[in-house]
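Next come two complexes built around subunit A: one with subunit B, the other with subunit C.
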Partner chain A sequence: MRSASTLYRLEKRWSLVFIALPVIGFFTFTISAMVFSFWFSLTDFNPVRMETRYVGLENFRRLFADALFRQAVFNTFFLLISVPIGMFFGLLLSVYLQQKGAKNYALRLLYYLPAVSSVVAINIIFRYLFNGEFGLLNHLLNIDVQWLGTGRWPIKFAIIIRNVWAAMGVAMVLYLAGLNNIPASYYEAADIDGASIFQKFFMITVPLVRPISFFLIVTGIIAGMQNFADAQLLANGNPQGITVVYYIWVRGIDANRYGVASAASILLGAIIMLMTYVQFRRSSWVEVR
Partner chain B sequence: MKRSFLSIMIVLIGLILLACNGDGNDLDDQGRVTISFFGWGSAEEQANFQTLVDRFMAENDDIRVVYSAVSADMYMRNLNNQMNNLPDVFYIPDTEFMPWADSGRLLPLDSYLSEAELERVWSRAISHYRYDRDSFTLGEGPLFALPKDLGPFAMVMNVDLFERIVAAKGLDMDRPDPSVPMTFSAFADMLESLKCQLRTVGGEDTCEGGQRIFGVTHYELAAAIYSNNANFFNDDATQQTITDPNFIEALQYIANLHLVHGVMPSPSEQANLNGFQRFMNGGGIFSFMGPWDMKGFWENINFEFDLIPLPVGPAEGAKSTAWVGSMGIAVSERSRQREAAVRLAKYLTIEEASQRMAYQLGQSVPNIIDIAEDDFLNNVELNGRQIMPLNKVMFLDIIRHNAHIAGHPRPTYFTYENIWFDDLFEALLPVFNGQITAQAFVNQYATTIQRDLDESNSYLN
Partner chain C sequence: MHEKSEKFVLKSFHIGATLLVLLGAMTMLLPYIWMALTALKTPSEAFSMVPTFLPEAPQFHNFRRVLTEFPFWRAVSNTMIVELSVISVGTIVSALAAFSFAKLRMPYKKTLLLMLLSSMMVPYATVMLPQYRAFQALGMVDTLWPIILPGLFGNAAMMFFLIQYMRGIPDVLIESAKIDGASYLGIFVRIIIPLSKPALAAQVIFWFVGIWNDYFAPSIYLTSPRVQTLQVLIASLNSTYASGTNFPLLMAAATLSSIPMILIFLFFQRYFLSTVILSGVKE
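Up next is the complex of A and B:
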């Protein structure tokens, strides 16, 4: 019969194995990729060529001289507008559904469907909807907007509309969970004080779901900064709708300029980390007092 | 327990190493060497090539070929991912040829080919895949790939649509001459007179209140530039030539087809539906096609189509010049089965059986001159819609050149990188949208394209 200490040591050893697997995976597929990416950003690495030259910060210079990159950066930040808009509509929906009570599973399912649907399929369908010649949207609204065209703004608004639609469901589900945790007595007290529906919404609901808003905005911004599918499938490479990740794809994977693409990746990673850091530093605003 | 833990770890590591290990045997149990062949294409093209590969294996029972393929847009990414373990035989698009030949990854093929074998093939197709690694010169030096095809990108006409509109508008107009090109202006004028919103009422066609038909669905940039005796750069691709007045004139001609004449979709309309699809849907009278489109046109559209010469610009010395694309079939320099791999590459490119199959399946113009000029032109073993386009001699004229017609490789064939062309094309949108003239555009873009060319050429030293 084994002693307790032997079992403890055995369990400890196996626990290290189980911990090691994801850690090794993380170092192999994430950390090493980041290190390689950083190294590539300082070289002219091209997989076709047999040799790789160290070029210092030349790739970063090329990056900022590239009008397409500047366009991609502007687009990426502009398209982040869809994050707060999606959260706002998600919150409205959740309040509405909560008031409807328990008989709203069909609606919840309906609004959440975009979150579990294929991004590729969604974008292809929206491409048909937004088509300027035979699209459903122009037809229903009796307008003539070339959503997918070469104009500066239409494709951006098309992407924002699509993203808001897709983000509402996730926000709604999370907000619903948050709303269920708000004691009804708060609203009853507000009713006694004669608060209007807007006052209750902005003075009770919005502050009490701040932790969820914080989570949604952090994850939304990170996801938005990494947006790729919209640029590739909905914008179909239209320069007015491309994002930084799409730029990394076309310059790195398509054009074999891995150095420039890696430089863009390093910059993007740094920006995301910085933005997340700032949000966490300012996270005191999520504390509910 | 400690021992069992160590044993498990050793077995796991052993399995991983085993999985990473390649097959060291060169012969299979039937005594055949195995080679890999990687290509691209639609499901139909893959099926055609599998048939060719099966025939090859039947005729070469000492070789087993493992054929795999992906879609065209995924191909280069896939090939790049296999860089350290390239297939024995693989496609190499001519627009990617220069960096690959320059890198030393492609096996020089001259020693495997006889003069007699090469003389049967279009000389342009052979020289297309020669590259001198010392002087960085295309068209000279060792042969690094064999041509899968030469693909002239010609102008195609929806004959039925043309005749319906001519009849509906009561025009006294013949079909464009099949061998003598129209001028830019004559072509634009013709398209203006063919403007139509086609509608069928009581079996009669009318040009009011119906579907808007575009004269031409889009226009190939290189086709207009080349056909006005201009180019994107000088002979060795070191100096841009977009400031040449001939270039500017050709560029403005394309823009004016939409802006002035209203006979071509705007850039936004082209983003809604690309020119090729619009043509297939019957939304345009003229468009562009390569020989690889023949099968799709035979099977997926129901109108008669035919080829006409590309319009020619007014510049002195200008000839109707289409771009000619090509795909090479290369052998990896690291292939352990070079002889077998070259045998397959030759079979797919310069053997009669494969060349006959290629045109009969509507994939390409035969590489072998005799088969192209006899069997292909005379529709041997073709019937029904397969004899279209009737004016298929146009494909050959573009390859052979004559007094009026010529062909020229795509601009990206001549440069190490292709980014300059992608960026140029995107930068041209304001010209095509009418926000800036071609003259103003080239004035402001000349330094950018020169910088891009310099960056591309920086690899060649």
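Up next is the complex of A and C:
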């Protein structure tokens, strides 16, 4: 029989052995990569050249002088409009599809489908649907919009429409979980007071799902700021539709300009980490059924 | 009178909402239907100025051509290599770490846990360039290694979810196993794993779908057809065929690549719809 303190030492040792791989992975793929990103952003590192010089904040200066970057930043923020729009439709859907039943269940499945579909397939189809000459959308609505052209707004709205289409279902599922937690007695009391359907929606439903709205808006912004596939596949690199991550890719991987691309990636990382931190602070990350 | 008009308003409101939801449902379905129908068209039908809904003569051979003329099966097998290696190893690594955090006494537990979870805050774009440079130096660009290797060290989101789940397993079970002389690894294999099966199943399904649809990192690393995963293959067909040479073939490939995920979704629908895995909710 081993003593209690030996057992304790054994447990502590094994507990560390069991987390060794994730810790090693964290230092290899996250920490050291971030350190290198930081270093790249302060040098003129180029993988096809031998020597590397420290250049201070020169990359950041060049970054902000780069019209393509400024455009990518504007686009990335503008495209975030799709987050609240998708949430709004998701909330309406959840209220409508709240009742159990086969028809509602089938509709929920349908609205959620884009969440399990590949962004590649979706973007290729949407690029075809949005096509200015033979696209189905212009034909059905009997309009003539060059969605994929070089105009300032059309491609942005195409990306926003595609994202609202894909995000409604995810918001709906989360809101359904939230609606489950609202006691029916609240609505009954409002009925007695003679509240209208709109009053019930805005005075009971909307305030009581606020934690879910907060979660959706923060995770939506974080995901939206990392959007790459829409810029590459739907906008096809059209400067009016590219995002910051596309910019990092095109300057870094494609053009070997690691310094400028890393400067952009450091700024993006800082903003996203801050937002995630806010989210962590606000939420307890509980499991909802 | 007032009562009656209010009922009328409510009823017409409900009819309006129903119509909108059904219109929305058609909008959800349309891109998928359009993809499948276009896959059966001829190239000139697909690019006619006045789109026709149904193909004149369904070109079923488009699907056969995708399977024979493109490295489609090669791409499926590359995708499955990533799926199986990452999920099998990654799940065990994540579950073992989760067990350790949830049930074992560990020095600096809180700090270590926060550290690992903080990796979820870091966007891929921030670590992408150094990782690319490192894999380039190791001669691993244009192989599956850069896609597989990071996954073998576990997945922070999965680990976090499993920790929550494993905390619900009674300590008594673990203590009595210890008294019976079981090792920590034995406890993990014989008690923790069987009791965590539902949580593990949900996580594995989500991860499977996630890897199947993963595009960003694979598109950076996998350039030659020999190593391309399904999504990268289809995106590369897109850049070759989107200009019109044979658009229906591209749609056929996209359809074929979507079918497995739609089937998994329908088969495991409860996991996707009724359990919301992680949602931060605090009043």
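The working rule: the second predicted complex is superposed on the first by the 258 of 289 C-alpha atoms of A that agree within 3 Å, B and C clash if a C-alpha of one lies under 4 Å from a C-alpha of the other, contacts with A are read in each partner's own complex, and residues count from 1 in each chain.
Everything below uses one rule, namely that a contact is a pair of C-beta atoms (placed from the backbone, for glycine too) under 8 Å apart; a residue touches a chain by one contact, two chains touch by 3 or more.
None of these values were measured; they are calculated from a predicted model.
By the touch criterion defined above, A:G132 lies against subunit B but remains apart from subunit C after alignment on the C-alpha atoms of chain A.
Of the two partner chains, subunit C is the only one touched by A:G178; subunit B is not.
When the shared chain is aligned, no partner comes close enough to touch A:L91: not subunit B, not subunit C.
Of the two partner chains placed around the shared chain by superposition, subunit B is the only one that A:N238 touches, whereas subunit C remains out of contact.
Contacts of A:L268 after superposition: subunit C is touched, whereas subunit B is not reached.
By the touch criterion defined above, A:T150 reaches subunit B but does not reach subunit C. Between subunit B and subunit C, C touches the greater number of residues of subunit A. Contacts of A:A229 after superposition: subunit C is touched, whereas subunit B is not reached. Once the two complexes are overlaid on the shared chain, A:V83 sits clear of subunit B and of subunit C alike.
Using the contact criterion defined above for the overlaid structures, shared-chain residue A:R49 touches subunit B, although it does not reach subunit C. Taken together, the two complexes place residues 10, 14, 47, 133-135, 253 of subunit A in contact with subunit B and also with subunit C.
Against subunit A, the residues of subunit B that register as touching in their complex are 1, 5, 76-77, 80, 83, 99-100, 102-105, 266-269, 271-273, 417-419, 422-423, 426-427, 429, 433, 455, 459. Those residues of subunit A lying in contact with subunit B across their complex are 10, 13-14, 46-50, 62, 67-68, 131-135, 146, 148-151, 236, 238-239, 250-251, 253-257. Against subunit C, the residues of subunit A that register as touching in their complex are 7-8, 10-12, 14-16, 18-19, 21-26, 28-30, 32-34, 36-37, 40, 47, 89, 92-93, 96-97, 105, 107-122, 124-129, 133-136, 139, 165, 168-169, 173-174, 177-178, 197, 211-212, 214-215, 222, 225-226, 228-229, 232-233, 244-245, 248-249, 252-253, 258, 261-262, 265-266, 268-269, 272-273, 276-277, 279-280, 282-289.
Those residues of subunit C that touch subunit A in the complex are listed here as 10, 13, 17-18, 21, 24-25, 27-32, 34-35, 38, 46-51, 93-94, 96-97, 99-101, 104-107, 109, 112, 115-116, 119-134, 136, 150, 152-154, 156, 159-161, 164-165, 178, 184-185, 188, 209, 212-213, 215-216, 219-220, 231, 234-235, 238, 242, 247, 250-251, 254-255, 257-258, 261-262, 264-266, 269, 272-283.
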